[in-house]
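In the two complexes that follow, subunit A is the common piece, with subunit B as its partner first and subunit C second.
This part shows the complex of A and B:
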């Protein structure tokens, strides 16, 4: 459990200016699923899962995901962005308990 | 003090409910908490589609959308899915939203990706859960409001939604 919030971000090793880059990212998170009691009724509690993912590049939002509990445990997301300038790519995960986890990658042209 | 708090809270909840109804019908973006909550509701897929898209016409997008998902998912807890749309991404016209919807899940709407022209290409991928065998659809909303849909049946050997 102590690993919650570890973010891994994968960008291709060589990027040229103007390329459309595919990025893969993963976060360690339990993504609690809905629990039911014996009668099949949903147990009412505040489930802890990621409900928002935002990707920013050079401070501007490029892609965002609104997610529900249907996303698997330790969520994986893939997306693309157009690399125009060297700078920072940041992926931020928000969960329903108010925690945020961030992973960053420096985009540089080789 | 407690009474005052109770009153305001009740009033607040009433207003929030009204806002929620308004947000469901309006196309405008509601605040983050409201959208996230409204997105994942326990309902049938028809109700979900009606709630999100209203009665807008949905075209067949099989020529444009590539929905990549295994035909047989041995483990419903982790099913890789990716959606790629063959459409230009320019400020004049781009893919605005990509929805992934699992028909047989108790909460049918899995995720909504919000794209911008800076995305460069309309491509998203994620690992999702599937409760049982059923259709998985990808619905694409373009910036001019056009809706395109593709769906594919996925056989699930072991369900992954629990409960």
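This part shows the complex of A and C:
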């Protein structure tokens, strides 16, 4: 897990103004699972997993996801948004230990 | 480490000293370095039952009475057998149909289409039998075809079901009774995908090199940690191959499998890592272990986009290719099948075996291995794919790092020569 926090973001190679664009993104993260002791009781500790994902486009939040431990290791998200103007798309992953990981893509029309 | 290294060197020298290029490599000189479940071992239980040690979830049945790809297995192909249909048995078409569809037997539907919405998925390797009875073939002829079709068609890909004991004479009589009920006219298909002759071809799973699409890429990249971490002997892969795996290993994988003089045999990356890894870093990298497969992917990814360029011209390569080709064409196992039956374009290639679309050997089947398997959410290298191909055909698999597999892999890989590597692949 040396790559923890590495974000991959994929947008289509050619986008026209006004297109609804599908974005695929993924972050390398262990997404710690609930552990139990020998008696089957849940071990109480601060599990490390991603609990919030926010997507901003042109500085405004487009969408945000509240996520739980039920999501797999190296979680993958796909969503769509309307590309109105050229600018920066940023996806930020927040985990329960306070770390944030960001991936960005330049939306350009060509 | 030192003593075993010396022993290997002396064995290799011995091999060079007494073998000529055309000699068959002595498989006994190679001790398998695969994980226990990949060695093809057979264990005898206290009650005398023989149990095969295989991967979790695979059959443990011992197919020891059927011949394998092992070079020292010189048993001949089962001889062609002419039989008479047993008299006094009355076939039941209903039971025959159930046997035809029974997935623990043939299933016959793997290769042949018959009517019925419950026939799924039917294959197209053999002829469509939907109207077979209209040909007015005799019961005795059909019985012989099922028992051992080589009497009439010496080069058929159909197994000799009766001869090999997959179906009993009673069961074959029921099957004949069922086949004699298949009269025309053929009914129009309501679902074109039911019929393998009109079914859509699989389209694949998108870009195999996109990490947001292929989890295999992430696994391979995680192996970069292993690449630069020091093993028990204090050295790491990166210590001797500096500059990152992607630069240091650029182009290396395009030449594998190849004959490695130090070990006196043909080796793929996986085989080589299993001896080179422990010999240098002290870290065991048994074939089929996750670490071995992940490092193999990492090394092969460094050559992505470069054309495959295995040696096909040296005397040693040619001898190995001839043996690999012989394995490809050799009929083995309970089904008496050869690789060629499914993967040669003049036989089963580009047809459906059940729901599976069969690859064409001449198109090159190896340059995307190790590959992510969407149905298993795991990465398989070519050897495990070999072992999986062979086990349902009713033969005991060899060790994953067997010389026989390495030379078969070389034979398959020469069809990829000149085509760009693309690892890891993504397949069902």
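Observations, loosely collected:
Simple rule for what comes next: the second predicted complex is superposed on the first by the 110 of 110 C-alpha atoms of A that agree within 3 Å, B and C clash if a C-alpha of one lies under 4 Å from a C-alpha of the other, contacts with A are read in each partner's own complex, and residues count from 1 in each chain.
Here, a residue touches a chain if its C-beta (ideal position, glycine included) is under 8 Å from a C-beta of that chain, and two chains touch if they have at least 3 such contacts.
In this text the structure is predicted, and so the values were computed from the model without any measurement.
Set against each other, subunit B and subunit C touch different numbers of residues in subunit A, with B touching more. Look at A:67: by the touch rule set out above, it reaches subunit B but stays clear of subunit C. Of the two partner chains placed by superposition, only subunit C is touched by A:10; subunit B is not. Once the two complexes are laid over each other on the shared chain, residue contacts for A:25 go to subunit C alone; subunit B is not touched. In the superposed model, A:76 lies in contact with both subunit B and subunit C.
In the superposition on chain A, the residues of subunit A contacting both subunit B and subunit C are 24, 74, 76.
Residues 1-3, 8-10, 24-26, 28, 74, 76 of subunit A are the ones touching subunit C in the complex.
Contact residues of subunit C toward subunit A in the complex are 210-213, 215, 218, 221-222, 224-225. Contact residues of subunit A toward subunit B in the complex are 20-22, 24, 33-36, 42, 51-52, 57, 60-82, 96.
For subunit B in complex with subunit A, the touching residues are 32, 35-36, 39-40, 42, 77-80, 82, 102, 105-107, 109-116, 118-121, 123-129, 160-163.
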